[in-house]
Structures are given as C-alpha cells and as structure tokens.
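What follows is a set of structures to go through.
Both complexes below contain subunit A, partnered by subunit B and then by subunit C.
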Partner chain A sequence: MHIPDGLMDPWVFIAGWALALAALAVALVKVNKNVDERTIPLMALLAAGIFVAQMLNFPVGGGTSGHLIGAALAVALVGLWPAMIIMTAIVVIQGLLFGDGGITAMGLNLLNMAVIAPLVAYLIISVAKGNKFSVPVAAWASVFVAALICAAQLALSYVISNGAYGIDPVLAIPTMAIWHAVIGVGEAIITGGVVLYLAKVAPETLRLSPKNVIKATEA
Partner chain B sequence: MERRYLKATAAILVAFAVGLVGFWLVSSELGDGLEVTMDEAGWEEPEQVWQAPLDYGDDYVGGLIAGIIGFAATFGVVYLYMRGTKKLEQPR
Partner chain C sequence: MKHYEIDKYAHSSSLFQFDPRVKLACAISLIVVTAFLRSMEAVMVVLLFTALLVLFSRVPLGHLWKNLALAVPFIVVPSLALLFTSGPYNAAVLAMRILASVLALTAVISTTPLFDLLRTLRWFRMPKLLSSIMMFAYRFIFVLIDEMDRMKMARMARGYTGRGNILSRDVFRTLSFTAGMIFVRSNSRATRIYDALLARGYSGDVHTLDRMKVRGRDVPSAQCSSASER
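The block that comes next holds the complex of A and B.
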C-alpha cells in the first residue's frame, strides 16, 4: 500500500505531509519523554523485523498479494507512540533507500501506515478491554481502515483534479476495500500468532504492551 | 547489546531467508491491493521524483541482500535516533 509519485493531486499530498508531520511531532515528544533505555534495542529490532516481514508477500487470490503492515504488531508490543516512530522509520527507509513509495507521496504513506494504522489498532485494543480476539481484530481493522483512507485520498484527488490525478471513487473505494478486507485477514493471523507466541515463550517482551494486550493473551 | 536481542536478530534473518522463497513464488507476478487497483484504473506509473539507490532485487540473492541492508538500516536509524535523544536528555 505504498503510494507512488504522480498518483495524488498536489493538494492532497501536501495535506498528507502536514497531517503526518503534526502527528509524528507529537509521537516524537511522547516517545522521548516516556521510553527508557532498556526499550531502545527492542524498538530497533521490532522496526527491523517489520521491515523484513513487509518484504514477504502472501497470495490472497484473484491475482493479488498482500504483505504485513506491522502497525498493530508494533502497538501490541511497545504501545502507540513507539509504534508510530517504528513505522515512520520503516516507511522512510523504504522510500529513500528502495524507492518503495514516492517521495512526494511519503507524507500520505506516513499518514496511512505510521499514524492511522497504529491509531486504529490502539483504539480497538483499548476499547476491547482484554478480549482474546482484540489483537487480531485490531490488526485486521488497522489494514482495512488505512486502506479505506488511502481509497478516500485517491477519490479526493480524482474529484478535485477533475480526473487528472487519483482514481475514480466508483472503482477506488470498493476495490481497495475488498482486497484489503482479505489482506487484513493475513495481518490478523500473523499479528495474533506472534503476540500469542511471545506471551507463551517470552512474556517479558510484552512488558511494554498496553495492559489490554496482556489481558487478552491471558483470556 | 543483550544476548537475547542478538538471538532474536539471527532468528528474524533466518526466517526471512526461508520466507523469501515464498516471496519469489508469489510476488513476481502479483501486485498488492493498491497496485491491482491502479492497474484496474489503467494508471501507469510515471518516472518517480526520487531515484532510490537500491531496489528489492530481481532474484533470491538480490532480495536477500536487500533484506539484510534494509534490516540493518532500519535497526540503525531507530537505535541511533533513540540513543541520541536519550543522550541529549542526560544532565550535563
């Protein structure tokens, strides 16, 4: 779900940059205040692991593949604000070093994958209050909502540019929704599986998890 | 660096090397959800503004090298940034 250059209307990608930078500025302040030295290697390792996991595609049928975003996994293991920083590092390195996602669209990619996806996962985990399905549901929703927002950005670009940019909403919204509803199932299985596995074999890795995640693994 | 992080790093890289086989089986022909949507809309990607120095490789070895470079770069950026901010916070 990495948006390339040339797809979005300039006003849409400028707004994406503004919103992403504002949210990430808050995340940086929160992380600098609240993260202790012991957490740093875990954050760095999680970021590197998610980068690698994003490279591995799985087929979802109909000639389409999906890959882990990893935002919900990061939220489940280290909380909302560190997850935003982790996802930011991944999206920036993918864009600058590997050309995965455009440089002008990087603000939108950051907004979708480093702000909205972790925020959705965190909200669902918080609301679910330790329900045992909360982590996989949060993982699925993080992909689905981020994709819907991306579809809305495509649609908005199309409408405000009279079709010069973006994709017709009639195509963009249902296509993005259907494919990412399926891709989200993969995200849910991987995220739920990894969190459950860590809770069993290395529970100390969940010491920074939101309390509801620990409750969910015990349920 | 704690020993358990070194172990976890090795485990991730081994899992990646194994999983990369699956990557090559499915990823060479299949686009992701956004790419499929762009294809259905008939949108062709123009030349990108930023020409990245690397890509994800055209074969197994290239992908493996890209993965290791990406792993190291991501780890390094997060680790050094966080260490740097903690150092700045310490009283002089």
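The block that comes next holds the complex of A and C.
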C-alpha cells in the first residue's frame, strides 16, 4: 500500500497532504499536551517494534505473502492519538530512509496508514469494548478500509487525469478490495495473537505507555 | 546484515559533501515537478538527469539495484494496468515518471546520513516530538532486527519453514508469538537505552558540534536541478 511518486494525479496527492497534515496536527497537539520525558522513547520503541513486525511476512497461499501494517496493534497498545504519531514516524522513516513510498505521495500514505487505519481500528475497538473479537475485527477492518480508500485514490487519479495517472477503477477497486480482505485476515490473526501473547507473557508490556499517553487518548 | 547498508555509502559519495538542506530541497522540488509532467519528452529529460545524478553520486550499482528492486512492482503493476486501459503512451510516461522519482529519491537518501536528514527536517520545522521519535525509532530498529534474526534462526532450527497459507494455524501462532516477543524484548532494551542516555546528560535534544552551512559549491547543484526542471 506504499504509493510511489509519479503514480497519483497532482490534485489527489495535494489533497492527501492537506488532509493528512490537518489530522496529524490534531494528533500532535493531543499528544504534546501530555508528553513527559519517558513518552518519547516509549513511542519510538513501539514505532521500531511495529516497523520490524512489518518485516515478518506471512504466507497467504499460492506462494504469495503479505505483511502487517500494525495500525490496529498500535491503537490497542497506546490508543488513537499516540498511534497516529507512531504510524507517522514509521511511514516517514520508510519513505525517507528506506525509499519505500514516495515524497509527493507521502501525504496519501500518511492519510491511509497513519490516519485512516488507526481511526477505523479505534472506532471498532471503542464500540465493541470488552468483546474478545474486537481487536482482530478492528485489525481486519483497518486494513480493508485503508486499502479501499487507497484504491479510491488510484481510481480518482485515473478519472480526473483521463488516464494519465492512477489505475482504472474497474481494475483498482476489486483487486485492492479482494486482496486486502485476505491480507486483513493475517493482520487480524497476528494482531489478536500479539495482544493475547502480551497479556499472558508480559502483562506489564500492555501498559507500555506511561499513564499520560493513555490519558491523551481519552481526552 | 543487509540493513546496515543504509548509511554505508553516505560518507563516501560525492553528493555527501553538499549541504543536506540544499540536497533535500532540490530532490523534493525535482520530484514534485516530475509528478506534474505528462509529456514523454519532459519525463525523458528528468530521467536522463536523475540517471546522471545517480552516476555522479557514485552510489554502488548493487545497492541502487536493491532499492530499485523494491520499487519494481510499484512500477510494473500500475503501468501494466494503464497499458490495457489507457494506452501505451500514458503507460510508458507513468513508468518513466515513477522510475525517475525513485532514482532521485534513492540518490539523495543513500547519500545523506540519518542525523543530517533529521536536522534538515528540524530546520524545515518538523515538530520536535516527531523527529525525536524518528531518531530513537531508527536506533531501535537495528537492535530489534538483530533480535528478530536470532529468533528466526531459532525458529528454523526447530523446523519452521514459513510455508502454508492464510489458514495455517501453526504458522500464525509462531508469527504472532514472534511479534509479541519483539515487543517484550524491546521494552526492556528501550528502558536500558533510555537510562544510559539520561546518564550521559540527554535532556530531550541532541546537540552536535558541526553546524550546517550552505557553501559556494551548493549553488551549482541547486541550479543544476532547477535547470532540469524547466
């Protein structure tokens, strides 16, 4: 889902940057209000952990594989606003240090993976509070919705540029939807598994965040 | 470990000598302009310029190829899709546009050490919270990759192959335990690293001895890339 430079119509990526920056500004203000000296290394640790967990490939079948995005995991561990900041750090590091995802497209990548995916996960987790399937379902939905929106961006680019950018909606939307409905299952199993595992093995890790980070989420 | 290569060529390249702010600003403006181009001729000029830039940067081709290989699916899939829906001209322009952008980005990021990059981003007013998280995260990533490699070896020694599909219970149990263990281990490591930082006087900001300076030789590089944008 990492969109490269040169694929999207300029209007689409400009809109992506604007929306992503607006959402992240809110997240920064919310987190900054409650930041203390230990918050930064802890959030960085989660960012690094999710970054590395993204390198774990899981088999999908037929020789293909997928990997974690981790937005739902971040939300389950630290809550919505810190999760947005963590995912932002990951997307920026991937773009600027590993060449994974472009510069002009970074706004869209941030919007999909650092704003929409955590938001969807957060909504589902908070609506289905206490249900033991809330985390896996949130993980699946975060991947599926983010992918659909990514497909919509590709389709929009194609339509408004008369075929100079993006991918035809007829191709983009069904392929992205079907593929990520499957990938999402992997995300759901692993995210649910990690949360269960942490609860069993190291319950203190589930409270990784200092109290104030959690407070920032509730605010 | 392959990921240690990231900063490896940063110091030996001739592009390293340029001020990171100028370098990044030029690359970004080049990439932004490229994203607007729709004519074959213009994209070809940019592609030629970025290819020369890469040659001039003396980033080894093997390293470059690895970065490009990552981008290949992102070039091939959309241009194939465009080939069938919108015609060969648009598809070729799209492929060249993405390739040129990837080359420009690769030339710059593989010749800029991480700390220069972060200071540049700070100079461009990136919030401190975000740049500090990025700096720490970057340090932790390699520690965690090491941990993960050790766990991978242990998994393999116990007969795990990673084959299966989305319904394989054992594969997914192993993978989620691995991911969970990454967080457990990294938590205790991060605490120790942070204590060590505090003991060395860390107070939330990193201080360095050398200052960033725009020098005479930065001007031609700026002109060069802006000329190619026209």
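To be clear about the criterion, the second predicted complex is superposed on the first by the 196 of 219 C-alpha atoms of A that agree within 3 Å, B and C clash if a C-alpha of one lies under 4 Å from a C-alpha of the other, contacts with A are read in each partner's own complex, and residues count from 1 in each chain.
Everything that follows uses one rule, which is that a contact is a pair of C-beta atoms (placed from the backbone, for glycine too) under 8 Å apart; a residue touches a chain by one contact, two chains touch by 3 or more.
Because the structure is predicted, anything quoted here is derived from the model rather than measured.
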Joint occupancy of subunit A by subunit B and subunit C, clash or fit: clash
Partner chain in contact with A:49 - subunit B first, subunit C second, else both or neither: both
Which of subunit B and subunit C A:1 touches, first, second, both or neither: first
Contacts of A:197 with subunit B and subunit C, given as first, second, both or neither: second
Contacts of A:32 with subunit B and subunit C, given as first, second, both or neither: both
Partner chain in contact with A:104 - subunit B first, subunit C second, else both or neither: both
Subunit B versus subunit C as contact partner of A:57, first or second or both or neither: both
First (subunit B), second (subunit C), both or neither touched by A:150: first
Partner chain(s) touched by A:18 [first = subunit B, second = subunit C, both, neither]: neither
Which superposed partner A:164 touches (first subunit B, second subunit C, both, neither): second
Superposed model, subunit C segment overlapping subunit B, candidates 95-103, 113-121, 167-175 or 221-229: 95-103
Touching both subunit C and subunit B, counted on subunit A across the two superposed complexes: 2-7, 31-32, 35, 37, 40-45, 47-49, 51-53, 55-59, 62, 85-86, 89-90, 92-93, 96-100, 102-104, 154, 167-168, 171-172, 202
Interface residues, subunit A side, partner subunit B - complex: 1-7, 31-32, 35, 37, 39-45, 47-53, 55-59, 62-67, 85-86, 89-90, 92-100, 102-104, 147, 150-151, 154, 167-168, 171-172, 175-176, 179-180, 183, 202
Partner subunit A, residues of subunit B touching it in the complex: 1-2, 4-5, 8-9, 12-13, 16, 19-20, 22-23, 26-27, 29-34, 36-38, 40-41, 43, 45-46, 48-56, 63, 66-67, 69-79, 81-83, 85-86, 89
Touch list for subunit C against partner subunit A, complex: 6, 27-28, 31-32, 34-36, 38, 67, 70-71, 74-75, 78, 81-82, 85-87, 90, 93-94, 97-98, 100-102, 105-106, 109-110, 114, 117, 121, 127, 129-130, 132-141, 143-145, 148, 162-168, 171-173, 175-184, 186-187, 190, 193-194, 197, 204
Subunit C-facing residues of subunit A, complex: 2-8, 10, 13, 28, 31-32, 35, 37-38, 40-49, 51-53, 55-62, 68, 77, 85-86, 88-90, 92-93, 96-100, 102-104, 154, 158, 161-168, 170-172, 182, 185-186, 189-194, 196-198, 201-202, 205, 208
